[in-house]
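Consider the two complexes below, in which chain A is the common component and chain B and chain C are the respective partners.
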Partner chain A sequence: MSDTKDVILEYVKNEYLEEGDDQEVTYTTPLISGGIVDSFSMVSLKLFLENKYDIKIPDDVATPEAFDSVNNIVEVLKKFNIE
Partner chain B sequence: MTNLGVYEEKIKDFSWEISERELGYKQGDNINIGEYCTDRICRMGKKDKLALIWEGHGGDIKKYTFDDMRMLTNSIARFFKELGLKGGDRICLFMDKIPELYFGFLGILKMGGIAQPLFSAFGSESLLTRLEDAGTRAVMTQKRHLPKVRNIVKDLPGLEFIIVVDDDASKPLREKEISFSMENIEKIDQFDIFPSKAETPSVLHYTSGTTGKPKGAQHVHYSLISQYITAKYVLDLKDDDIYWCTADPGWVTGTSYGIIGPWANGITQCVLDSGFKAESWYKFAEKHKVTVWYSAPTAIRALMKEGIDVVKKHDLSSLRHLCSVGEPLNAEAVIWSEEAFGRPFHDTYWQTETGSIVISNYPDMKVKPGSMGKPFPGIEATVVDLNTHLPIERTGTVGLIALKPGWPAMFRTYWNNEEIYKSKFKNGWYICGDRASIDEDGYYWFVGRDDDVINTGGHLVGPFEIESALLEHEAVAESAVVGKPDPVNMEVVKAFIALKPGFTASKDMNLNIMNFVRKRLSPLAMPQEIEFVDSLPKTRSGKIMRRVLRAKEWGEEIGDTSTLENDEG
Partner chain C sequence: MSFSDSIREIYKKDLENIRRSGIYKDERIICSPQSSEIEVEFPYGSEQKKVINMCANNYLGLSSHPEVIEAARNGLDHRGYGMSSVRFICGTQDIHKQLEDRLTEFLGTEDTILFPSCMDANAGVFEAVLTPEDVMIADRLVHASIVDGMRLCKAQTDNFKHSNMEHLEQKLQFHQKARIRLIITDGAFSMDGDLAKLDKIVELAEKYDAMVFVDESHSSGFIGKTGRGTHEHFGVLGKIDIITTTLGKALGGASGGCVSGRKEIVEMCRQKARPYLFSNTIPPVVVSGANKVLEIISRTTERRDKLEKNTVFWRKGLTEAGFIIKEGETPIVPVMLFNAKLSQDIAAMLYEDGIYAVGFFFPVVPKGQARIRTQLSAAHEMHHLEKALDAFIKAGKKFGILHKTKQEIIEQYGL
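This part shows the complex of A and B:
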């Protein structure tokens, strides 16, 4: 599970933080409500997860709450038996 | 009793002089928005009243009285002057919704500068386009957005100062970069406010068009006359209100009604600097006992998705008036808000160019769900024929929304682009670029844009800018960008892309291109959907026919295809 967490965390840091932005992002950092990933960008984060784990996340599952931290995203992935 | 009273009565005797009189302004006087929103309110005996209640996403709360705001805006104005900035200089605000953004805006106006607020989610390329066009001398930003400015500073020789408002000295600043701390700055009691007149430029807001680069709609200090009275009549702001405008001052709603309108009325407003989350929004409204709420259809529809139960968990009984702006508010959202909050959202219509609300539903007027409402008193509006641009007499006929020029907040030009500015006027009318009809009761009904500009989440996005960015991607041979219907955002960006030989369409390619546009331009501009095609529909002269692609997305008739080069497109 920590591999999955780290994969997501790395992706978020690389894709959604500007190069040189030294803001600390952890497994619990609020991503959506914290303004790191906005509602429009969530689409690309969802697509990343779908591509990476070969799944299809329904829109009603991909809510701002469900994507609001790396830990929350991991909970979403568990529904697809991804540990 | 509402501030406007009975709409039908008000339109009979309204004149902008009512607003001038209430503000104590006479023709030829100095008029400075910064002064009117701060010093004047303090002189009215409200210096200890709260002007701003700010809450960050972590729950931090900061409160400022009108006197705090008066002195801090003085301090910021003096700071700019001491740097050597002067009246007429364009100063960009590139920040999240933090107090420095709000006070920086008024500070710029107080020293005579032209405030150029830009949405903090813009990528480097979007930023470069707008700073280059405006010839911006200074940018005020935060550490987290500094890298985007650093990326382009070498391309902006005229950019002399990059002011970082939250520098903690953990990393050295570079050439041109200056640290500024509003918390530690000396509060200045007296500042020699720039003697701006009615037509002195005040604000430059960039807006997207179908073709070419984004255009800077230039406003003047006299816009205050419209913004003050529309905030009073449409938002119905009263002295004891707690007002919440959810718009970001990177866009015009966030300045006209997130700064100027409410503060010129001496109203306490609160700001939540946080991403969207239904639960957080309701908690915020409950905690601060918000009475008047100005939001956007996209946000309202996102709240609808979360359901009524979450609303009922909160005591929102303080809410007394709700308004919406950015895109047409669908009837379902109006009906839902009556069920959820016991009152309807009142749709308001205006644009970056109009500077203030021009068509609206009013507190005492019957709301026809789905309608834009009626013209604001003092605004002469109609719909004109799509081709002749003459007013349409028959009710229910679709035409272009047109306004008789002359209201105080109307933009005065597009920066560096007088030619396009002039092209917006036909037969003595300003043509808004939106199609609508008027019913037998005088209510306006929005139909759609009259061009290819995409309205996504209440923000206009130009297809040309996105297509240009796409062409910079190594795999893209050509592209066409259109709006696609979306239940929450009204429209989202969809890109049709033909790849260069040697590149293959795939899910990873899709994601790669999406992220490429997001970083260069903004999340709003990022295609939410990409369709890879072999070729794009073009005219025989080689021009891509976006309307063919758009019609397919909207399930509309394609129309005349006689000029189409390849029918199979």
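This part shows the complex of A and C:
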């Protein structure tokens, strides 16, 4: 589990933080409601998860709430038996 | 009853939430033609006030130009008021074809198709030319109309960090299996006033076999040596596959937009783009005015050159006065204030002093990046800009933000 968590955390940092950005992102940091990821940018996260784990996440599952933190995303992945 | 009390309550609550979050939009009533000086009634019903307009997209000052008005009047006299049709049934006049040809020539492309607005052009183009086998890779700060257009399209969606070419390259590598890769960007970004690195983007597109889409709404008519746009500025005329732009800003400011680019792309839009197929043609009066605009700006670069001078003066003036502005060279000059309330307070004080400029804050711009966006026009004379600069300096002094760093302003006012 911690591997999956770390993979996602690493992706979020690389994908959404700018160089020199000193904002700290942890497993619980609110990504969308916290203004780090907007709804438009969120698509790349969904794409990454789908490609990485070879799954298809339906739009009604990939909601801003479901993607709002690394921990939340891990919960989404559990539905696809990814631990 | 169709609109019951319970339904009304739902909307009342929604509107109250919009008000509470500080993003409720009020219209300011303008009782004069669009220009550098306008008569404004705000709030509605209050006494009219003459103010210098620092927030219009009237970059070339052609919105109320006498030659444009005369041409529009001639169009009204000779081609009528409306066409009561979409383009492909009985809504295409000779002047519509003339305007498409003129835009093709001006933008340096292969062909052009008019849309009722650039919002419509952006809403229609992606769906018309891409399929689920393709991928759209957009800069994260593209205009909302592009985001909407991408949502209507079944191709895969991805995006890259604003103007970050390394990130774009990673995405292009990642999507090498797609049938078509389309890189999507604004030419000039409307909130920050910076330009897309089109030379680098074209280079990457060639390297990774991708098409390039650019929205030139905030560039057409004045960016580049002869005002053709960002592609002229970066020396990549003829290398952009799809350009969308508007007639509602520098190019006369009325309405209308277009998709201009490779002739097959334009032809696909004529067959499949829904806002073109199912929305009325641009009225003859607007088309006639726009034809005149294209004639004026192809004849001389005088207005574009004046806008450039005004921009240099304004950027230099604000910087020397001690404001933090977003650096760049476009006539979109955001004055950074970081705090939302501060941006509103300064905009209100400016208005009191006869300067009309608008404060923007989250969610229109990212959190902690509140600003007043100023926009220059060739219709501004030096005395307008001097007066506006004096008012900005007065406000800057009052709020104690001149020659302060971003950190100092945030410490004083919070985020």
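Points to keep in mind about this one:
FYI, the second predicted complex is superposed on the first by the 83 of 83 C-alpha atoms of A that agree within 3 Å, B and C clash if a C-alpha of one lies under 4 Å from a C-alpha of the other, contacts with A are read in each partner's own complex, and residues count from 1 in each chain.
Keep this in mind: a residue touches a chain if its C-beta (ideal position, glycine included) is under 8 Å from a C-beta of that chain, and two chains touch if they have at least 3 such contacts.
Please read these numbers as outputs of a predicted model, since none were measured by experiment.
Aligning the two structures on chain A places chain B and chain C in clashing positions. With both structures placed on the common chain, the touch criterion links A:26 to neither chain B nor chain C.
For chain A, the partner touching the most residues, choosing from chain B and chain C, is B.
In the overlay built on the shared chain, the residue A:41 is in contact with chain B and with chain C.
Of the two partner chains placed by superposition, only chain B is touched by A:65; chain C is not.
Among the listed stretches 296-304, 332-340 or 368-376 of chain B, only 332-340 clashes with chain C once the two complexes are superposed.
18, 35, 38, 40-41, 43-44, 47 are the residues of chain A that lie in the contact sets of both chain B and chain C, per the superposition on chain A. Per the touch definition, chain A reaches chain C in the complex via residues 18, 35, 38, 40-41, 43-44, 47.
Residues of chain A that touch chain B in their complex: 15, 18-23, 30, 32-35, 37-41, 43-44, 47-48, 50-51, 64-65, 68.
Those residues of chain C lying in contact with chain A across their complex are 138, 140, 147, 156-159, 161, 171, 362, 366-367. Listed in rising order, the residues of chain B touching chain A in the complex are 57-58, 96, 121, 143-148, 150, 170-171, 273-280, 302, 456-457, 507-508, 510-511, 514-515, 518, 523-524, 526, 528.
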